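As written, the chain order gives the labels A, B, C and D, with residue 1 at the start of each chain.
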Amino acid sequence: MLINSADTVVADALHGMAAAHPELDVDVERRVVLRRDAKTGGRVGLVSGGGSGHEPLHGGFVGYGMLSAACPGEVFTSPVPNQMLHAAAGVDSGQGVLFIVKNYTGDVLNFQMAAELAEEDGLSVERVLVNDDVAVTDSLYTAGRRGTGATLFVEKIAGAAAEEGAPLDRVAALARQVNESSRSFGVALSACTTPAKGSPTFQLPEGELELGIGIHGEPGRERRAMMTAREIADVAVGAVLDGLAETGGPADGPVLALVNGMGATPLLELYGFHAEVARILAARGVPVARALVGNYVTSLDMAGCSVTLCRADEELLRLWDAPVQTPALRWGR
Amino acid sequence: MRDAEFFRDWLEAAAAAVEREADRLTELDSPIGDADHGTNLLRGFTAVRTALAGADPSTAPGALLQLAGRTLISTVGGASGPLYGTLLRRTGKELGEDPEVSDTALHRALEAGVGAVAQLGGAAPGDKTMLDALTPGVAALGTSYRAARDAAEAGALATVPILARKGRASYLGERSIGHQDPGATSSALLLTALADTAEGTS
Amino acid sequence: MLINSADTVVADALHGMAAAHPELDVDVERRVVLRRDAKTGGRVGLVSGGGSGHEPLHGGFVGYGMLSAACPGEVFTSPVPNQMLHAAAGVDSGQGVLFIVKNYTGDVLNFQMAAELAEEDGLSVERVLVNDDVAVTDSLYTAGRRGTGATLFVEKIAGAAAEEGAPLDRVAALARQVNESSRSFGVALSACTTPAKGSPTFQLPEGELELGIGIHGEPGRERRAMMTAREIADVAVGAVLDGLAETGGPADGPVLALVNGMGATPLLELYGFHAEVARILAARGVPVARALVGNYVTSLDMAGCSVTLCRADEELLRLWDAPVQTPALRWGR
Amino acid sequence: MRDAEFFRDWLEAAAAAVEREADRLTELDSPIGDADHGTNLLRGFTAVRTALAGADPSTAPGALLQLAGRTLISTVGGASGPLYGTLLRRTGKELGEDPEVSDTALHRALEAGVGAVAQLGGAAPGDKTMLDALTPGVAALGTSYRAARDAAEAGALATVPILARKGRASYLGERSIGHQDPGATSSALLLTALADTAEGTS
């Protein structure tokens, strides 16, 4: 691993972000990445965060038209309430703060504690849970669907609304709409290695893959013999469309598509995989309004990919297209 | 009666156990989790040690546990940080400001602490979580410290065949069966540290 | 690998690029990625290309303010002259065409043949060779320094000049200036696996690394026991600065810095590595005018990184900052 | 005299040899290259087969070789595509339009072809490239086809101890020593195919 030590990876990365992005206010001590102009805009503040190891999520999405602040935890470990409190205080300009929380027990509990404390400090805080991963059944018998690729859609679209000056309840409602309109499915071709453990989080023999994986190096729901990109796309897109069907809404409405790499899969392969995803969606009569292909919600050095689709109405498309200027997502300015 | 020294000893013993077992806890968290439970608790209990060392010598048992709980919350993260933090904070609150507490009072306080964990996390015994060690372990405190340790250890072992319904392991469905829950294992360490401390001093 | 078959990876990826980037004209048959407006701008045409497996290089750099066209070869195999001819014809609007060629025997020979044929067809063609890799001694006893990370700087800055309407000789001169002002050094923490071979191109045991690698899966100049990020940065930045010193120019002038991932190294680690690079440059009194951290000139799923520095005068900085709108590099519009 | 059929047979034998040895050529290209030489030539000679099959039966030897050379240039890429393409194109040009050519004419033409390769790539024998098999191999044609094959094979083997000065292997410096050059190996295949074809028909 390209590190100094397992203990310092997160702090080292924040030092690097500070050096590479003078336009951001990176508080290495308190572990918060903030927009420099977060407090001056009179906008709703958008705060997200989670374990590190999913870069560019979330720190790479801080900036104009997206997040106001991000709180990176240790690798695969949700951040602690102090970080979110500091972020909330740093971005609140009186319009209130939205916490965007991926649905993992740790993230939920820590953001919940932070929200309670922030409200004691007099801030208005709303929370939205992202839970788009169809590989997990959302029932009393699980911790619920995980938050994965849809986080990018939620952060981008809520960020655009906040940038436009939408009030907290509207930003939160849009964020919830995006989440409810999004579903994801992920596949691993290799396990990942956390700096602390130093060896793969699970054993995946050559020639096998894991279907229905999360983004924390956990194994998936099922192990199979290696499949072609086309076969994998069939399974993933099928699962996502089935999941979307359960949410209601028009089966042939336009979608935003994210073909996301888990970290170690070459972009060459991701584009080839996207060709299959696009082919299947065309065959199913689902128009792809916008597509994004790349490594956005990763799992360290895991090989594999995920597909996220979001049914987008005119308003969501407009907000998706709105200018954004962050380290990892940038257009329109 | 148990004085502040006893609680410091307990937390120190817990920290030592976590240090010793951190790699094993992380290893248990690999097949059904995200391979960080040992690192998480090691970071937290190292901070607890520092916090206790800095705390006024006159700090009462309840305040010590609350301090430890707050420290875990602000340093661990993940699921186990808020849960263990809540366990200790709530137990500490129940103990009040008395400089010495009875075994009965500690038992009651821990029951309240475990209840707070169940409420915060929404889990129940049988879900393959820390509650599978905490609940029987604390219940057995009514009998003896030794019984509490044995019950907690048995509870942790008994998570192996369980299908997880809470926490990350629940994502695996059937594949969670056959693995021991890391949180239940660390809970058994905490109650073992308590029992060892009580036996060594009573 | 996330592929259908080794034979189809390049075509499949081009299909995916076509689907993901309607703003580009992707000719899958002829294997050329073009700007849709390449011919209408009255600009000098910029054509690059090389083996696939280095994505986003080059196809991801086609668009406003950067390349007019890219020619992807098979994985790690330079493209054939027909591709460059087709690209040249597709982008020439009478102002001439610049071929940006990484210095590998295959790329050099194929672009040379294409240039000869294009000139027979009446086009004005200039070629610029990129050769920035200090791990290779540039002597009669080697094929010369390899072209690696500096390619991005050359393509961006020459692209900005072309976009502004600079004539062919000026665009070519700037491209050469950028190349002569740039040096790189790369490190591998793992080998990569090509689709055709299906196994790692060389054996690198856990706990060892290769210093001075290229971007084609070839081993480096030297194998060493694993080093920390700080130690690796010391070696890499030291080698690059030594190489730059030989080119003359002010030792304390501002630089553009590229901390580039080889494909499988997590962005978290790349940022941590960048922190070390920035620290060393600060200690050496070299101001970093602009920094770019990410996977830009990759080697499939190789773990590792490279450092490229380019001594940049006011004019180069201005052109670096000029708007660019491509799949992989985008700012200012 | 060698007619068009002879040249078709030679190129077919070369294509068959490349097909048989492709994995080995790629394997040789791994430690000192980029692991594509076999795939490159397989793609090229497969296209050559198709091109020859589509060529008018009356096509003369020189034109056949030029067609094969152009086909390699437009399908192989890499370093070997232009170099082998130039070898065949230049050899073909030298042969002119005669429907039959003598062994001496072929020898001269191949010498010109090898010269063109040296000029295009800027390499000389001893640099650990295809020239280390081509140059001695073609020179030995003055003796016999068998001698050409033996010299080419010996030349390929003799690249093992050489420190590379051209092509990708030169990036490795000292580490290029001890490996056989893939291009010299494929060149030996081409001259072996020529010798086998000549022996089979003479």
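One rule holds in what follows: contacts are C-beta pairs under 8 Å (C-beta built on N, C-alpha and C of every residue); 3 or more make two chains touch, one makes a residue touch a chain.
For clarity, every value in this text was computed on a predicted model and none was experimentally measured.
Distance between chain C and chain D, defined via averaged C-alpha coordinates, is recorded as 31 Å.
Averaging C-alpha coordinates per chain places the centre of chain A 29 Å away from that of chain C. Centre-to-centre spacing of chain B and chain D amounts to 73 Å, using the average Cα coordinate of each chain. Within chain B, not a single residue touches two or more of the remaining chains. Listed for chain A are residues 75, each touching two or more other chains. The touch graph of these protein chains is an open line. Chain pairs that touch, as defined above: A-B, A-C, C-D. Of all residues in chain C, only 1-5, 8-10, 12-20, 52-53, 55-56, 60, 75, 189, 228-230, 232, 259, 263-276, 278, 288, 291-293, 295, 298, 300-301, 303-305, 325, 330-333 touch chain A in the complex they form. On the side of chain B, the complex with chain A involves touching residues 26, 30-36, 39-40, 43, 73-83, 120-121, 165-168, 170-173, 175.
Put simply, chain A touches chain B in their complex at residues 6, 51, 73-82, 104-106, 109-110, 112-113, 135-137, 140-143, 146, 194, 196-197, 201-202, 214, 216-219, 221.
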